[in-house]
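For clarity, chains are labelled A, B, C and D in written order, and residue numbers in each chain start from 1.
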Amino acid sequence: MVEKYKRQYGSGLDAQTYLGQNYFTVDRSLIPDFLRLLRDEEQFDYCVDLTAAHYPKREKQFDVFWILYSFPRNERIRVKTQIADGESLPSSFPIWPTTDWLEREVFDMFGIKFTGHPDMKRILLPDGWKGHPLRKDYDILQQDKEWVQINLGIESGQ
Amino acid sequence: MLQEFMSYLGSNLPPGSAGNQLWALIYVFVIFAGVAVIVLCMNWIERKALAHFQIRLGPMRVGPHGLLQPFADALKLMLKEDIIPDEADAVVFWVAPVIGLLAAFTVYIVIPFGPSQAVTDMNIGILFMLGVSSLGVLGIVTAGWASNSHYPLIGALRSSAQMVSYEVAMGMAILSAIMMTSMNAAGTGTLSMIGIVEAQQQQGIWFLFKFFPLGFIAFVIFAIAMVAETNRSPFDLAEAESELTAGFHTEYSGLRWSLFMLAEYAAMIAVSSIAVTLWLGGWMHPFPNLLHGPAWEFIFSLFPGLTFGALAAITFIGAARMPSHSFFRIQRAGLAVFAALIGLVALLLLVIAVAGRANDTSIAARFREGIDYVYWFMLKVAVFMYLFIWYRATWPRYRFDQLMKVGWKVMLPISLGVLILTAIVGVLLP
Amino acid sequence: MIDRQTSDRKTPDGKTSDSALPNAIPSLTSNLDLEAPDKPYLDSNELILNMGPQHPATHGVLRVILKLDGEKVLGTECVIGYLHRGVEKIAENRTYTMFNPYVDRMDYCAAVSNGLGYCEAVEKLLNVEAPPRAQYIRVILTELQRLASHQLWLGTHALDIGAMTPLFYTFRDREEILKIFEKYCGARLTTHAFRIGGCQYEIYPGFEKDVKNFLAFAPPKIDEYETLLTSNRIWLERTKNVGVISGKDCIALGVTGPVLRASGVKWDIRKAIPYANYSKFDFEIPVGTNGDTYDRYLVRMAEMRQSLRIVEQAVNGIPEGPIMAKVPKLIKPPVGEIYHSIEAPKGELGYFIVSDGSTQPYRLRVRPPSFVNLQALDLMVRGALVADVVAVIGTFDIVLGEVDR
Amino acid sequence: MNPLLNTGAAPVATPFFFYLLAGAAILSGLLVITRRNAVHSALALIVTLLSVSGLYLMLYAPFVAGVQIIVYAGGIMVLFLFVIMLVNIERVSKERQFNRIWPVGLAASCALLAVFLAAFTKGKDLFHDRPITLPESTNTQQIAGYLYGEAGRIGQYTFAFEIASLLLLVAILGAVIMTKKKI
């Protein structure tokens, strides 16, 4: 399977495995149709998870991971792509509806916007909250003091 | 004054119809006090029985085995603050529980605890009962409206729709029972409650077993409609905690709320006593046609004494088994006194039963008869009360549309069918 | 009677191409025009009802905004985040062993299986295998925890629908399992039973006897629940074809666990991707047919019995040997990232750990089953009545600690 | 069979109860028309109906009293309250209470008063107070006799009774058709 896609996309894609779990590192431009391809041709019909990780020092700061699983082939792979801060990704909601809340959570925690998502707003934190907690530069004790003062009327959360 | 007082004791007419207002008043007070005591006991029994269904102990702390719990509850409710929501309609807010209570209690003047032990023998007994029980809906509707908030209004509309639709099925079932009364010699049935029981006495059969399947089906229809009528267990949609917080009496608190509870229990007792009168032969001891004659009379007259004796024995064992730790000393003493009290009552009943049998016209004989009648009537009502509690422990709750579907699409056709069949069978059979 | 949109719609050309899927499941949140402009409140027959965070039937602090037309539900929106404690942010500032107790706090009804998932994920990262004796102990405790979690679900679910008695029966029996946990690892709810590399404590002397007594004690109790509910007319009426969801929609929405199996998909991670040598035990996976609340009830009841079978085989075959693999005191896994998931009582609980070689995980992502399953609530409840919303939330068996993390 | 309604001993209509019920009826009647809040007037109407049913009992007509309670107080008034609750009454209570043509109303009520007074004063010889002849069978059986006829014979009013029930059936069907939005 890997050779087929290497021939097709050449530079934009390479496959590695680590501890028996193989994953693709894919260029950002291939994202929507490569995932659709995986789902239709390779029957990866269940998107287990969609997460991100923040690498502040790198030029493309965010890694976004799709963890996919195929029921017929009982096999799990990961697709990884890198995007810079402020860039947005096409939403994979049309491919797997389960990514609706997963994408909202990634936006809530990292600030990565997904275009084409039906209702792109925060899911866990209150809507008016400023700042994205899971970014490395977001200190663990930091809080949106202004939101806390307005809504809860207390000096600060600590 | 004394002459009028003594004159009534001889006649075998219920006081109301004997035109003796004084005795009628006394009977009214006796019955209302009796119902209040029964409601208190019901409160305790319901909590204990429900607990034992659910493998837990129920109230144990207030008095021995929680016996003083109902009094504690009553006191608490009286002392609790009586909140009226601000935009609520104060007058209607106050009137609603009163209507509910009135509707529930006026039914008792017609319930025949014995041939002469009812308050009065209205010759439209059942009709009067149906009319007054439909007044209960008013209490609920006004309560829901007066609390002027969202959930009680929905709850009130829901439960009144439920009560109105189950009244229809109930009416049909009652009709088929009344039709059975007219199968006696005189050919004309009767609406009066005492007349119905006397008809069962003459025909020597409980209407439950008359024209076998029909009587039984009508009884089952009535039993189900009765549970729905009082908003109890499988149909307790008004107080469905999971959806509407507490139905129409959400905004009530303190004494007013206890009035609603009193009304609910009183309605339960009233409705089950209708069932007892119509289908289970009011105050007659079981198997009237097989076991009659003086010997059986005597044996049946011993029953009240024996039951109270058994109760006293159980309480004594309970008191004995209590741990002998100093903390329990007062509770043990309390329970022992209570057991002694019940034992005394049992003894008294036995003495009356024995004395009454000797010669038939003496005061003791009249007392014995009176006690027998009331005892059998109350025993059957108690069985119904236990059923109410049993339903509450086992059944989940109906959804509103299913509840209406059962009411209209299942109960009504069956009760109509039973009505028509009873008529046909009644005309064909002699 | 209730015109319900059938969930598995076919596109006109019959092929369920991906274009069919999204509109098969209308976008979940944007249809609810919550900011309905100036429609006066009571005049329009639509009603926005707020089953708020403190509602008795939402298990924990979940707020569901219902858009009602009379009694019928037009659409729902779940507002979550009330219990968000930022577990993943904390993970980035704790060492691997220090983070272990946090994992129990997420799905507090099934703490042992959370711990198992986390320890196995880190062991996979370290490329270390727990010794067989430790794995057997882990399997016994996890399956007992699954039984306890299902019992808790049954009690609260029946209470929501109105039957009060099952709650007390299930809690009495759950007490026995919690006693075993307490004797083994000192805690009943947040047990912190396992360590990375195996188990911390050797099993106490009476462990096998206790578990065997429980194995004899439990089956008749499960029969008791069955007699109370399975053929109970009103229970059938309240649960039959309520909240129906098809297998295809489940997979599309990522729903896993008993809810997926009740819709006819025979998939269980313990069989599909065996971990903690589940492959050594034989047990079946109960599967439902038409994916309604009643099937989910039957599937979970059957799962309770299967768990007992597994525990029985495990207790009889506990091998001798060490209970802790050779794991360095201070765990510094090599650079890399792995994803490991287990079959928690609610569904697939996954851990995605990215390590940068230091003693603290660079990124630790938890894939909670309840969070993903809850997305299907809107699809299942559309067109049903308010009482059904309560019943469907009950069948999801969601725990808000896991949804909000 | 239980004995006659009563053995003609003390009559049911004792003056005390009569004045009590009549007073209640008049008082609540006045309340009905004077209260601004619709629900209050509905409750007052219920009190009136109940006291009137009490008066029927005094006239040895228990059946009519029972029907009065069931049909009026239990049935129609519940529907009244339902309607009042579902229609929000803030708008209604703001309208003026008295309409402009009150002189006509006044004239009509005075004429009515005159008729009552005339009947009361000159009526002594109209209604000579003969002793009440108690019906041989109880009131309910008597009514049943009229409606359905003594055992076997067709009663005078059976046909009229059936036609009335037909009328009711038409009314029910009309109600169903009107509310048939989308069932």
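Operating definition for what follows: contacts are C-beta pairs under 8 Å (C-beta built on N, C-alpha and C of every residue); 3 or more make two chains touch, one makes a residue touch a chain.
Just so you know, these numbers come straight off a predicted model, no measurement behind them.
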{"item": "Whole-Å gap between the CA centroids of chain C and chain D", "value": "64"}
{"item": "Inter-centroid spacing, chain D versus chain B (mean Cα positions, whole Å)", "value": "31"}
{"item": "Whole-Å separation of chain centres (CA-atom averages), chain A against chain D", "value": "76"}
{"item": "Chain centre separation (chain A, chain B; CA means) in Å", "value": "66"}
{"item": "Overall pattern in which the protein chains touch one another (line/ring/star/complete/other)", "value": "line"}
{"item": "Chain-to-chain touches, reported pairwise for every pair that qualifies", "value": "A-C, B-C, B-D"}
{"item": "In the complex, chain C residues that touch chain B", "value": "1, 56-57, 71, 158-165, 167-169, 172, 228, 232, 234-235, 237-238, 385-388, 390"}
{"item": "In the complex with chain A, residue positions of chain C that touch it", "value": "18-19, 21-22, 25, 27-30, 80-81, 84, 86, 88-90, 92-93, 124-125, 127, 251-255, 265, 267, 272-273, 336-339, 341, 348, 350, 352, 354, 362-363, 365, 367, 371-372, 374-375, 404-405"}
{"item": "Chain B - residues contacting chain C, complex", "value": "50, 53-56, 234, 240-243, 392-402"}
{"item": "In the complex with chain B, residue positions of chain D that touch it", "value": "1-3, 5-6, 9-10, 12, 37, 39-40, 43, 46, 62-63, 65-67, 69-70, 73-75, 77-78, 81-82, 85, 137-141, 151"}
{"item": "Contacting residues of chain B [partner chain D, same complex]", "value": "13, 17-19, 89, 91-92, 95, 121-124, 127-128, 130-132, 134-135, 137-138, 141-142, 144-145, 153, 157, 160, 164, 186-188, 190-192, 194-195, 198"}
